Amino acid sequence: MKLENRRRILTTHLSIILVLFLLQFVVPPFHATMLTRIMVFATYAVGYNLLLGYTGLMSLGHAMFFSTGLYTTGLTIYYLDLGIVEAFLLGILASFVISALMAFITLRTSGVFFLIITMIFSQVFYLTTLYFNNVTYGDQGFVLTGKLKPLELAGIIIDFSSNVVKYNFALTLFAFSFLLNLRLVNSAFGRILVAIRENEEKAEMLGYNTLGFKRLALIFSGIIAGISGSAYALIFSYVGSSFAFIHNSINPLLWTLLGGAGTTIGPLVGTGLMLYLIDFTSSLTPHYPILVGAMLIAVILGFPPGVVGGIRRRWLKWLP
Amino acid sequence: MVKMASMNVLLETVQLSRRFGGLEAVKPTNLRVRQGEIRAIIGTNGAGKTTLVNMISGRIKPTSGKVFFKGRDITRLKAYERVAIGIVYTFQIINIFKNLTVYDNVVLAVQRGLTKGRWGVLGLDQRLVDREAEKILSRIGLSDSSSQIAGTLPYGYQRMLELAMALPLKPELLILDEPTQGLSAEEIERVATLIKDLAKEVTILLIEHNIRLVLELADTVTVMDKGAIIAEGRPREIEENAEVQRVYLGI
Amino acid sequence: MFKEKLSRRDAIKAVSKTALAGAAAGTGIIGAVGGYFAGSASIPRVEGVQTITRTQTVTQTVTQSPVTVTKTETAPGKPPIKIGFEVHRTGIGAVYGLWYERTTLAAVNLINEMGGIDGRPIQLIIEDDGTDPQRGVQVVEKLALEHKVDFILGALFSNVVLSAAPRAGELKKPYFAVSEGYHVPSGQLNRYSFQPGITDVRAQLEAIADWIVENLGTKITMIYPDYAFGYDHRDWFGRKARSLGATIKELIPIPPTETTFTKYFTKIPADTEVLYHVMVGPAVLTFVKELGEFFGAKRPELFGFVDSIEGVDLASPGLEFLEGTYFWEAFPRYLDGYDTPYHRFYRQRVGVNENGADVKDPKNVSTFSHMFSCWETLFVIKEAVEQSGYKNQTPADYKAFIETLENFRGFNEGIQHPHGPKIFVGALHQAFSHQFISQVKNSRFKVVHKTSIDSGLYESDVDYTKYPL
Amino acid sequence: MNIEVAIVLGLLDGVILGFNIALVALGLSIVFGVMRIVNVSHGEFFMLGAVVAWYSVTLLNNFIIALIAAPLMVAGLAAVVDRFILRPINYNPENTIVVTIGLLFIIQQLVHIIYGPYSRPVTPPIYFRVDFPWFGYSGYKIIIAGISALLMVLTWFIIFKTKLGLYMRATQQDSEIAQAFAVPVRRVYVTALALGSALAAVAGVLIAPVQQAYYLMGLDALLISFMVVIIGGLGSLSGTLIAAFMVGVIDGIVSVFFSPTLARIVASLIVTLVLLLRPRGLFGAEAT
C-alpha cells in the first residue's frame, strides 16, 4: 500500500464510523435497532473476512467462536453474577483460547478438509451446549434480563436495557474491530496473509512461516467473532444453542462474499444488505430463505468480487 | 559422520537421496559447492537435478543423507528457515504473485529481508520498506510499472522480477532452477547479465539446459544422470568428457 | 391437602377458595356471559373433578350453534388498536404457526364484529420469526418500534419466547406468550410478559399425575426428548409422581435429531407398568410405529402427550398401535370430548370440524389442543383494556393495563373462553385451566377424565407484581 | 435392562440402517471421488426422494413408481445443476460448497412451498412384523437392507465393470491425463453427479416409510454421511460401506448405553481425529 493512499483510506474508514454514529440521531427507532444488530453481526463478518478474504481460508465453524463469546459472557453473568466488563473480557479470553486451540488443530488440514473439520468441530460445540443443558438450558437457552448490572463510568450510569447504550456499545465494538482489521491488513502482516492467499508456496520460499501466519490469522478472526458473540449476549440478553448451529457459520460467509471478500468495508455492506433484505422480504413471503440461497449462488456465479470488491475494481482502486 | 568441511565449502550434501515409491530419483549423492562460485548442474530431464536442489532448499524431505550449510547440519530445517539463513530458491516455472502489483511482489521480499526473527515483520517501518522497494525496482528497471499487476508483465520481466525478489533476502546461496526457460534471445541476455551481476555478491547454484549459457557463466559444472553425479569439473573439461557427451549430448 | 400448600400465598389462597367453592357447587357450565372476574368478589362456578362416563353423540352440526353474538359497529372515528402477532410461519414451528395464525384471525374478526376493543377495531400486524430466536427479537423490535403496536401476541416455541419476551420488556410492550412452556410462571421473564391463554406444562403435570398413578400404574418409565421441554416433563412429573408413591423405573432421553428408536426400547424395564412418552418433532410417528413393532400385543400402559401428534391424523399409517393408549389433551380434538355451545361456536369460527380437522379439508388436522390459547388471549387483552381504560401507549395507561390484568382472578367460560373457565394468578402472570385425559378408541380421542383447575396449582415464590414496570 | 438384547438390537439396527446410510454416503463419495467436490445439497436430494415417495403413494397409491421416478428426477436436477451452476465455476472446491449451500436453502424452501411444513408418514409397500424371542422388528426394514445391498452391487458393477466406470476411475486418478486419453471428462462429471444424487434419492424413497417425509430431513442425513465418508475415506467405495456399518453400529449401541447426544459428540471427535491423522480416511488409499 503506497503511502499517499494511507491518509485517504484512513479518512474513508473514520468517516464511515462517523456516519454510523450520526445515523442514530436521524433514523427512526426501529432502524436504529436494526443498525445495532447489523453492527454486531458486521463485527462477526469482519472477523470472518480476515480469514476468508485475506488469508484465503474458508471456514464453516465460526459459529463456534461466536458462541464461545456468547456463552462465556452469558454464563458468567447468569451464574457468577459478574459485571458486564468482567464477563465481556472473559468472553474475549475464552474465544482466544478456543481459536488458538483450533488454530493448532485444524490448520493441519487445508482446502475442503479444513472446511469440513471446522464444521465438525463447530457441530461438536453445538452438541456440547445441548449435552450440558442442565447448565446451558440447551436449545431453549436462558435470559440475562435483570442480571445485567448497570455500569457506572465517571458518574454516568450506563444501563444496557437502553437502546442508546445498545447502539453505541455495538458501534464501539464495530469501530474497534473495523479499525483493527484495517490496521492489520494494511500492515506487513496483512500483506503476508494476502501473499499466502495468492501463492502459499512462493510465500514460504520468500522465507515466511506460512503456517504460523495462518494460525495467527485464525486466532485474530476467532477473537473478533467471539467479541461479537459476547456483544450479542449483552445487547440482546439471550443465550441459546441455535447460535452454535451451522446456519450461524454460513451467515458470515454469505455476508462477507456478498459485501466483498478481501475488502475492509465489504463485511459491513454485506451484513447490512442481507439483514435488510431478509427483513424486507420476510414481510412479503415466509419463504425468504430462498433469498439466502439465491444470493449465495448469484454472488459466486455472477459477481465474485462482491459489492465493494466490484466498486474497488471499477472505481476506487486504492480501497484496501 | 562427516566432520565439518573446509571453510570455503558453502554447501555440502552427504549421501543425500530420495525415492518416490519404487523410483530412486536421487541416488545417495555428495555435492560440494564452494563459496562465491557459479555452480551449474546439467543433465537430461529426469536426471534428478530439480529433486536434488529441492532437498537443498528444503521443499522436499530427503529419504536419507544430510545437508550441511556453512558446516551446519540443516537437514531438519524447514524451507522458510533455510531462506532465513541464506538459501534462496527461484522456481523452474515462473512463480510470483501474479494477481498482486509488481510493487507488492517486491515489498513482500523486502519486508522479509528487513526483519529478523519470526514475528519481527509485525512491527516494521513502512517508509524504510518503501525506500528499499524503490531501490530494487529501479535496479531491474521496473520502477514505472510498479503499480502494474505482475501477471500482466511480459514473460521476461516476470522472470527478472522473480530474480529481483531474491535480492532483498540477502542470499548466500542462490538456487536458480532453469532461469532462462522459455525466454527470447535478448531476454536471456538480460538475465545472464543479472546473474553475472549477482554472482559478485552471492554463490549461485544454477540448473540450466542452455549449454552455451552454462559454459559462459559457470565456474564448475556438475553433470547428473539417472539420479547420480557422473562428472564434475571446469566447463572445458566437461565439454571434452566422453562420458558426458555420450549420455548428455547424445554423441 | 390444599390447605397447607396454599396457606403461603394470598393470591393462591383466594384462588383455591373460588376453585373449591366451585367444586362444591359442582354445577355445569355457566351462561354465555363469559368475561373476567376480579378479586374474590364474584365467585365463579367452576366444575370440580368428574369423570365423563356417558358418551355424548353429536346430534346437531357445528354450524347450527346456539350461541348468538351481539354484533356492534366499532365506534366511528376511533383509531384502531394495534396488536402485533409474532408467528412461526417457517422453521420447525411452521405447522403450529399455520393454525395459530388461523385461530388468531378468527378471533380478531369476531372481536371486531362485536365492536372491537373499547369500541376500537383491532388492527392485526403479523410478522414471521422463522422459529428462530435471533429473528424473534427482531420481530418484537419491528412490531414495537416500526408498527408501534399496543400489544404483542407472542410466540409458541420456548427458545423464541425466551429471546423475544425480554426485549419486549425492555421496550415496555406487554407480551402475551401462547407457549405452554414453564417460562412466564418461572419468574425469569418480566413485568410485561403474560400467559393468560394456556396452562403451563408444570401445572399440566401437577394436574394429571394423580390420575396416571391411580389408574395406570405406579412403575413408570419416562421417554422424553433430550432437551429443555423434555426436562420440564422429567422434573415436574417425576417429582409429583414420586410424591404420590410411584417409582420412576427408568429415564430415557432421546435426542431431537433421532430418526430411529427401537434401540432405546431395550432400556425399558420389563416390570414397567406405565410408559410415559412425550415426543415432539417430526419423528413421533416413527416412534409410535416402532413402539408397536417392538411390543406387539404385550405392551405396558401408554401415556403420551398430544403435543406429539398435534396436526397428525390419528388414522395415519402406523398409529394403529396407539389404540387403547392414553393422551393428555389441553382441549379435546374431538368435539364430543367437551361439547359445549361455546366450543361449537369456536370451532365454527375457526373453521374446524368436530374431528378437529379443517372443515374444507378433513385430512388437514389442526393443532387443536393448543391453538385456542391465541383466541382466549385476545379476549383477555380486550377485557383488560376495557377494564383498565387503556387508551394510548403512555406509561400510565400501560401501568393501569398491567395492574388490572394482575388483579384478574380468572375467566368465566363463554365464547371468549370456549376452552373452559380459568383461574388467573396475577403474581405468576399465568392462567390455570382444566386438563383432559383421553383414550384412543377407533382412531379417535375419547375423553375419559377432566381434571379440576385447582389440581394444577402449585406453590411458587414468584411475584411479578413486585417487578419494576 | 437386558444387555444382550440391547446389543443384538443395536447390531441389527446398526447394520440395517448402515445400509441406508451407506447408500447416501456412497453417492456423496462418488461425487467427491470423481469430481473432487463436496455437494452440500446432497442431503436435500435424499429428502426429495422421501417427498416423491409420499406423493406417489398418496396420489398414485404406488410405491414402486417412486423408486424409479425419484432417482430419475433427481438425476435430471443434478444434470441441470452441473450444467448451469458447477461448470460455470469450474468445479472450484470452495465455491462449489458455497453454491451447493445456496442450493440447499432453495430446494428446502421449494419443498416447503409445494409440499408444506408437515412431516407426513408413508405407508410401506409391504408390511409385516418379524417376531424375535425378545422383541418384534419391522420386516420392511429388512427389505430396505436387501434393496440397498442390491443397489450397491449395481453401483459396484457400474464402476468396476463398465466403460463408464472405467472413465470415472480414470478421471478420479487424474482428470487431465484422462482428458488426454480422450475420456469425455465433462460427461463423466455429469454422470457421476447424477449417479451420486440418484443414490441419495433412492435412499430417501426407501427410508420414507420408516421415518417420514419432512422438508428439513436432509441436513441430518448429510452430516451423518459426511462422517461416514470421511472415516471411510473420500472416494473410497469399500471404505464407505465399512464406515457406514461402523457408524450405524456405534450409534446403535453407544447411544443405548450412554447419552445419545454424547454418542454423537464422540463420533464427531473420532471423525476429526481421522481427518487429522489419516486425511484419506481409515480405508482410503495411502498417500504416495
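Going in written order, the chains are labelled A, B, C and D, and every chain counts its residues from 1.
In this text, a contact is a pair of C-beta atoms (placed from the backbone, for glycine too) under 8 Å apart; a residue touches a chain by one contact, two chains touch by 3 or more.
None of these values were measured; they are calculated from a predicted model.
Any chain that touches chain A and also touches chain D is listed here: C.
Relative to chain B, the chain whose mean Cα position lies farthest away is C.
Taking A-C and A-B together, the chain pair joined by more C-beta contacts is A-C.
Compare each chain's C-alpha centroid with the centroid of every protein C-alpha atom shown, and the nearest one belongs to A. With each centre defined as the average position of its C-alpha atoms, the distance from chain A to chain C rounds to 40 Å. Here the CA centre of chain B is 50 Å from the CA centre of chain D. Computed centre separation for the pair chain A/chain B is 43 angstrom, with centres defined by C-alpha atoms. The distance from the centre of chain B to the centre of chain C, each centre being the mean of the chain's C-alpha atoms, comes to 79 Å. In chain A, the residues that touch at least two other chains are 130, 287, 289. Residues of chain D in contact with two or more other chains: 112, 259, 261, 264.
Chain contacts: chain B has no residue touching two or more partner chains. If the chains shown are joined wherever they touch, the resulting network has some other arrangement, not a path, ring, star or complete graph.
The complete set of chain-chain contacts reads A-B, A-C, A-D, C-D.
Partner chain C is touched in their complex by these residues of chain D: 1-2, 5-6, 9-10, 13, 17, 112, 117-119, 121-124, 129, 131, 135-138, 210-212, 214, 216-217, 220, 252-253, 255-256, 259-261, 264. Those residues of chain C that touch chain A in the complex are listed here as 89-90, 94, 127-128, 130, 132-135, 137-138, 141-142, 145-146, 158-159, 162-163, 165-167, 169-170, 181, 188-190, 226-229, 231, 255-256.
Those residues of chain A that touch chain D in the complex are listed here as 58, 60, 105, 108-109, 111-113, 115-117, 119-121, 123-124, 127-128, 130-131, 246, 250, 253, 257, 287, 289-290, 292-297, 299-301. Here chain A touches chain C in the complex through residues 28-30, 33-34, 37, 130, 133-134, 137-146, 161, 163, 236-238, 240, 242-243, 279, 282-283, 286-289, going by the rule given at the top.
Chain D makes touch with chain A in their complex at residues 38, 85, 88-89, 93-95, 97-99, 101-106, 108-110, 112-113, 219, 223, 226-227, 230, 259, 261-262, 264-265, 268-269, 271-272, 275-276, 279.
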